[in-house]
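One structure, pasted below without further comment.
Should a chain be cited, it is by its letter among A, B, C and D, assigned in written order, with residues numbered from 1 in that chain.
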């Protein structure tokens, strides 16, 4: 089994127009910047993929990563919990101009809906958002005297994620808090592409320390010394 | 924060009559034999705890562990997926004599119900058991053209689990396939007691390698060189 | 054809397992049910890289260890000792059944008491007596891209196991996609059994006679040929 | 009493945070919302061992690193760089919100636009304009054993933030158990505000006048006394 692809360009080559794309990371922590930028490169060269639905906790910062995708005009819709942040002009401008759609999801519900998709659970009940405008139109039910909202799984065509160590079978570890949404998105997409900082042989990751088992990963590409979104934003990099 | 208790007897001292007790392990792998035996010792000395509901994948083997609890007469009900096995006479005899209750749950549903309890999800839908006698009386619903059964979370008063490394904050790792139900049960019980083979200082487990974060664990007791259920069964040990 | 002896000329369990193993694709993720289906791993064709999953939280395990080398924390769902291949991983039960229900396995192979022509499977209990036990079977029949059954074609007393409607308690509804029996390879398609292969020595009529539902064909029926020395 | 100046004599944010910190028990697990609530960690009383949780998957983090020492893979939910204490752990987002919804946190402290006397909280948007963002607030209000709010007692233009019914969009229904304000400590109990402490300098009447719902008492009201030099 060898899931390794040699370039980020190959890794993102088959993502079609209109795809639902999960992108791992929380802010810049664990964000697969090189995969995102490879996708932007492809769009600039070929016009595809466009009309994407992007699923991420945020909606991009500064002029790199998801923000650069939005600026480039590849994104039709964001599904996220927190699009508002200090450097979120790319999304804000398009949103206020009515040029991008937003599905706002509470953060824990977003995580659980993604996990449910990966786990074959089509719907579940959560207390979160009960009685709020984000629950409007959703079924509710009482369990043990408390009210809950029914939420559906959230699937994607592709997940772009960032690991620390990887192997050719697709086993992954993550660095520090860079784990966040990455292991969940790996489970929830038809196809998962992981960039890893270190690519080792099968067995190079202790089986007890594998965080994402290879069954959830389709493509692995090594990106040594990956860039950090937060550093790029703070130094004003424009992609 | 110091959750360490010096003896298994102290660790199980407060479990009351009628308690719902989750016990980790799958067969002998990851089974907290010393904690179970401490509970039996207490019952023999004091008559408590009795009328327990025990939640485990199996219903005990041979004459040790859960089988010994059943023989001792402490268990009123088993919740499990696979009570039938080669050395399950303890359960079989009581069950066929109508002296013990059984709630049979498909293994994946058992795991998911326990996980749901820990995650604050009161109910979820699963395809498992749809159209079978194990789904009788349960709500069903169609999602995307497929039928699903609604299942409720499964909580417990106490979980007895077995870790490999532990620290005073309750952080845990597990050995090989001994992980199984242990991390899930740790989340789902009001109080979780973990026996660990190695007790280290806070920080002795790499934060990236913690499998059960300490927030899910209330009591830690060190049991160096723990016994292995399978070995005890095979050597005919009677507890 | 008339001299086919149902009990003597049928395939052995090893031969059924061998046949099922031929269909497991390179690079696939497979769960083999406890017991008879576990045999399939022994016949995995050379050069195919198959990753085996077991419900209790191991991906990428290999053969049993040498006697005396068992580590009883390292077992499969049948509680037999296993070994690990390079690139194996451990995970908890909820993640393990996420792999099952979430559609991440390419194939699950199970045993059967009965399979109905609509794909219903009965394999967990034969009546209301005794101690019931279900394990992971009701989960395994959902989620894997293909759910195959390996089984003798008939019961010990010669009754059909491929039936119009299951009479034993169901494990899952409409879940089986292919059945490997001691006489034939049969697909479940649109509520019918479709015969793909049969032993050359048995006639269509004789095969139909020991099958509890109509065997359809939608093209040539292949010869079910397996190594004799298994 | 009559010379109490609402804008000059009220507590500072640091003083409100200090007061809230006094109620955090030894050995508890706590989530502090982004922004103002984060201040509370600075005033954790000596000798109390508190473990802080952040939604993005860290338990047991400490203060910010020295400038220049930031590792941007190690941040909190407010995307500020953090450090780790011994015994910290990392986990993914679903496990992180399992801790939240599953009742594993002892306390969550959040900011507020409005708190209603039945415990309803509005803290995520003030109207339908602009870009909405909710983050983890709607999850944090459920599951923690205590959900406290820290807030100025009144809005910038002097209007009440403790109200009969929230007029801003809700974050959660009946979820707040205690409010620490710039003037008072108020519990939510059985659909009422119950006054526990108030600044000694403000009269009951003056306090009620800037509160949008009736302040009940069910015993002596304590003096809200905090260090002056914060």
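In this section, contacts are C-beta pairs under 8 Å (C-beta built on N, C-alpha and C of every residue); 3 or more make two chains touch, one makes a residue touch a chain.
Being a predicted model, the structure only gives us computed values, none of them experimental.
The distance from the centre of chain C to the centre of chain D, each centre being the mean of the chain's C-alpha atoms, comes to 57 Å. Averaged C-alpha coordinates give centres for chain A and chain B that are 35 Å from one another.
If each chain is reduced to the centroid of its CA atoms, chain B and chain C end up 30 Å from each other. Counting partners per residue, chain B has 112, 115, 119-121, 126-127, 174-176, 207-208 as the residues that reach two or more other chains. The set of chain C residues touching two or more other chains comprises 90-91, 94, 97, 100-101, 142-143. Taken as a graph of touching chains, this assembly fits none of the simple shapes: it is neither a line, a ring, a star nor a complete graph. Under the contact rule defined at the top, the touching pairs of chains are A-B, A-C, A-D, B-C, B-D. Contacts from chain D toward chain B in the complex involve residues 27, 29, 49, 51, 53, 59-60, 84-91, 94-95, 97-105, 142-143. Within the complex, the chain A residues that touch chain B are 112, 116, 119-127, 141, 143-144, 146, 148, 152, 173-176, 179, 207-209. Of all residues in chain A, only 1, 115, 117-121, 167-169, 171, 187, 201-203, 205, 207-208, 210, 213-216 touch chain C in the complex they form. Residues 55-58, 71-75, 79, 90-94, 96-97, 100-101, 120, 130-139, 142-143, 169-173 of chain D touch chain A in their complex. Residue ranges of chain B in contact with chain C, taken from their complex: 26-30, 57, 81-85, 88, 91-92, 95-96, 102, 104-112, 114-115, 126-134, 147, 174-184, 211, 228-231.
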